[in-house]
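In this document, chain identifiers A, B, C and D correspond to the written order of the chains, with residue numbering beginning at 1 in each.
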Amino acid sequence: MSDAPQNEAATESYSYLGPRGTFTEAALAQVPDARGKIWRSVNNVGEALDDVVAGRSVAAMIAIENSIEGGVNATQDALAKIPNLRIVGEYLVKVQFVLVAKPGTTLADVKVVNAHPVAYTQCHHWLDANLPSHGHIPATSNVAAAASLFDNDLADAAVAPPGIVDHYDLDVLAENIGDNDNAVTRFVLVSKTTAIPPRTGADKTSLIVELPDDRAGALLELLEQFSTRGVNMSLLESRPIGDALGRYRFVIDADGHILDERVADSLLGVRRFSPKVIFLGSYPRADKAPIEYIPRYDDDVFIEARDWLRGVISGEPDAS
Amino acid sequence: MSDAPQNEAATESYSYLGPRGTFTEAALAQVPDARGKIWRSVNNVGEALDDVVAGRSVAAMIAIENSIEGGVNATQDALAKIPNLRIVGEYLVKVQFVLVAKPGTTLADVKVVNAHPVAYTQCHHWLDANLPSHGHIPATSNVAAAASLFDNDLADAAVAPPGIVDHYDLDVLAENIGDNDNAVTRFVLVSKTTAIPPRTGADKTSLIVELPDDRAGALLELLEQFSTRGVNMSLLESRPIGDALGRYRFVIDADGHILDERVADSLLGVRRFSPKVIFLGSYPRADKAPIEYIPRYDDDVFIEARDWLRGVISGEPDAS
Amino acid sequence: MSDAPQNEAATESYSYLGPRGTFTEAALAQVPDARGKIWRSVNNVGEALDDVVAGRSVAAMIAIENSIEGGVNATQDALAKIPNLRIVGEYLVKVQFVLVAKPGTTLADVKVVNAHPVAYTQCHHWLDANLPSHGHIPATSNVAAAASLFDNDLADAAVAPPGIVDHYDLDVLAENIGDNDNAVTRFVLVSKTTAIPPRTGADKTSLIVELPDDRAGALLELLEQFSTRGVNMSLLESRPIGDALGRYRFVIDADGHILDERVADSLLGVRRFSPKVIFLGSYPRADKAPIEYIPRYDDDVFIEARDWLRGVISGEPDAS
Amino acid sequence: MSDAPQNEAATESYSYLGPRGTFTEAALAQVPDARGKIWRSVNNVGEALDDVVAGRSVAAMIAIENSIEGGVNATQDALAKIPNLRIVGEYLVKVQFVLVAKPGTTLADVKVVNAHPVAYTQCHHWLDANLPSHGHIPATSNVAAAASLFDNDLADAAVAPPGIVDHYDLDVLAENIGDNDNAVTRFVLVSKTTAIPPRTGADKTSLIVELPDDRAGALLELLEQFSTRGVNMSLLESRPIGDALGRYRFVIDADGHILDERVADSLLGVRRFSPKVIFLGSYPRADKAPIEYIPRYDDDVFIEARDWLRGVISGEPDAS
């Protein structure tokens, strides 16, 4: 049928932690390919990744790191456990909060605030200063906090993302109530395993590596796999493997692309060293900043060395 | 007055994350010095540490690491920010959960479960298998989940620690519903800064170290401060400093005591290297396992080297 | 002609530091392929290697390291400067000295001793004890020392290798006059550049590496190229490059064969790092001791890692 | 007696490898304190150091490194074996050679050249080009080569230092016959063990370190003792210990003075690591170039860290 591609396009969907109005939706809005496609709102990271694994969605947008709270444990642990996933893009969303209430409410009316615990922590200073005697009811998400105002009367106001007013009939009692102006959340777009996208020169490579538990200095050895090839890391997060205290896996973002010789060689070193390596993908950095590296770690240097080794083994005369 | 010491003893209090029945209370119950003293139940780690800083309590028991969830972010961040605190003891509590309900309830009656999000995650498998269509209401703590059953009818059952039945009139619908039998939480007892307790031979030293941001390989250099002196680490957790993505501090537990020469020398190296080091304390390990180390990192070797250096500088003839 | 191969074999020659009776000749006697061939006696290492380069000899036997004196500078420097040479074998000769004189001479007659300076140093204790007031005339070689007794009357006795009496009509005044019973000299057989011989499992790889002079810690970085791949070194000698104080090249013997994955990968690392690498050869060790290495540096581990990397790049699903 | 000091001064003597006219004498001429004192000409390094040990001389001038030939083995080995010596100064002498002969001789008359083997090697190119068919007779020193022209007729000319014509009635047949214009020899002035001289800011520290033989990577660990404290090395020479192949000691020159905190701390690390460390001295560099180092290795940083550690141990409140 001549309209098949169109239909196919129409059924392509993207999963994200909903409902509408979340920071995750704001991240998904940055993806050109997702425009005009179906956006599936799900309840948690597990559901989002399940959609990808099951083929219900072509990709899922999930939060992976918060500049205040650190790595998102649920995401990091899910990526460590679910096979055949690949990060294909990175997106940054500025974390800003507003205090919202049903129309007609004033700040003076607010006795109890509904807020997701993480958002609540990040607005701690403002709430203490402006609502010193408020109570707190926890919500499962920032949007659920706002939605709860219509469900029951337990809270008088909610902490929510600015976009909430596009979806709910709420008044903004205060803007920018977050404690940290630089707060940002990093999201990744995750698809099924696929061929590596081409290099852009401003790429990032993510992996999860378990440390061997048979020797001290294992982390040092892991880090040397990168440093000895001139590869810098922008993220190194420890996560417990979960079977016993003291056993860790590490979530790593390395500067560069798997098709960069120095990155590929680092990955070989890591793979030889670790009992378990999960390659999560090479993809363009959100900030589009070109990777800087010392010239002696250039691709040409690696290629020339391999040519030299081949010549030596085959007994070629020394180059003059 | 002759009874002053008694009075003083009577007013000594210990803070812990309450209410009664929490795992934190179970940890505090392991502290001999705390027996017969006042136990102050507080709402979060910040309040517990505030009690210590303000002198309301001689010490606070706080959770610092969970074998499933990893480091307790709130604790690690609080210890990084509040000065003049010292860890004086370490305690382990096995993490077990029960499903409780008001008397007369049966498992078949349970439609909605109230549970702290972390506990809920850790009982995921059992709940999915036994209550496949249940709903979840989040609570601010494990005990609050149970207590909520008496406050409203939103939930029919709660996930709680086993000790809950000592404090509430609740029936246990199911025991051991946690997914991981080895789950354990590590707690620390925190006091104001004080002189270091003597060595036991089975000690641990905790610190929080910011990485200098002016160079690559900084973490490698940090780890070498320990490895080059034969000091093993049992914990290394990254935490964002919070002012920008990519800036980290590390929470470190090193084997040994600050009065061990190799540990002291490592700390000197760390201090010279890092823009900010927070020494959290040297204290006996919960598991009382003696620290093993290679003989060439023994105190005697360090002392002999210093004697040698002194002799060399003063121009003593070489030892025969 | 049917006898061509025979003729060719007849004209094959091996160069060695002569004349007959030297330790070098004793080393050459250990080479099965050299039996029945022409042995060219030359005056120094340079002449021996020139013979190989010019095609006058198929190989040259030269001393490379002495357990007492260290690396043979002339050999190491010649190998660093003359291209297209390859070490194809290693041989050990026990260093023993005798004191010889023309027939009729007694120990009491000996006033002046002719000896190569190195041999003289190695017999220092015996000579001081038994000929306390002797004088010393230096010779250009151990055999020249003995031969000089027939040329002039300047010396009454000579320090020489035991084999000297097979070639000269001399009496042995004293045997085993060397100070060190374990003294041994290591020789290498050098041919033109050729394809690498197959692995024996007890191989050694020799190279000469210049350090880059643009940074501190360069030697550390060089050594890490081996240690990070589990390759041990049995020799590391510094030699001045010769153009300025403080500029060095290093002569390295690494355990293993260039066809061992861990050795090949080390060589790639070295080549990427160094402004000049001279590969001298992979060849069987004289002591035939099999190379021991940690299993995680086995060939299979390297090959598996490359297969994994290839799969990751091509987008294969993760192995289950 | 009032003239005692003068007498004492008059009897102070300095030993050097003679006779008059050697490069070593030229080095001694650079020592202000040696002017007007007795200069004892000796035959070798061992004799020179014996003079110091026995108190016959207050110091000995000995060659320690040659930019062409590398470390002077005899010196390095003597310093490793004779206890209670201390290097107190460093001197550089440009290595230049002249071809000398008895008056009346012309270049065309020269058939045989007497030369110390090292000097001979360093004039190889000139001799081959200008005296292509010459023979060579080895001498025990550069001056002995010249002196031999008067002893016998075996040689027609000699390779010698330029200063030789101040002491012998010889004609210079050719000047500057050395192959390398930058050739320089480094000498050290050695006294008995004494208190360390004060820092000048342009100092060097020399030591000899044996590697422990119980583990691989030992040299790497040795180098890290310096690099981890920001101390650069200007010399690293391997020397066989002499009891078996593969056992080494290393001769090290480190930038800085033992009273520099970073150097002292490096020495402590080396001493803890090595079975045998010989401290040879901290003394001003010949080139008077101030030592450059990264500010974080400044003395203040070390001192501040020790103060911090002391405060931590004594339980002082954290600095605000």
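Everything below uses one rule, namely that a residue touches a chain if its C-beta (ideal position, glycine included) is under 8 Å from a C-beta of that chain, and two chains touch if they have at least 3 such contacts.
In this text the structure is predicted, and so the values were computed from the model without any measurement.
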Exercise. Hey, how far is the Cα centre of subunit B from the one of subunit D, in Å?
Worked result: 58
For this session: Could you give the separation in Å between the centres of subunit B and subunit C, each centre being the mean of its C-alpha atoms?
Result: 60
Exercise. Approximately how many whole Å separate the CA-defined centres of subunit C and subunit D?
Worked result: 27
Problem set entry | subunit C residues counted as touching two or more neighbouring chains | 224
Exercise. So that we know how the chains sit together, what is the shape of their touch graph: line, ring, star, complete or other?
Worked result: ring
Problem set entry | Every chain pair meeting the contact rule | A-B, A-C, B-D, C-D
Problem set entry | Footprint of subunit A on subunit C - complex, ascending | 83-84, 86, 193-196, 221, 224-225, 228, 258-259, 264, 267-269, 271-273, 277-279, 296-297, 301-302, 304-306, 308-309, 312-318, 320
Exercise. If you look only at subunit C, which of its residues touch subunit D in the complex?
Worked result: 65-71, 73-74, 117, 121, 136, 138-140, 180, 182, 184, 186, 216-217, 219-220, 223-224, 227, 232-240, 242-246, 248
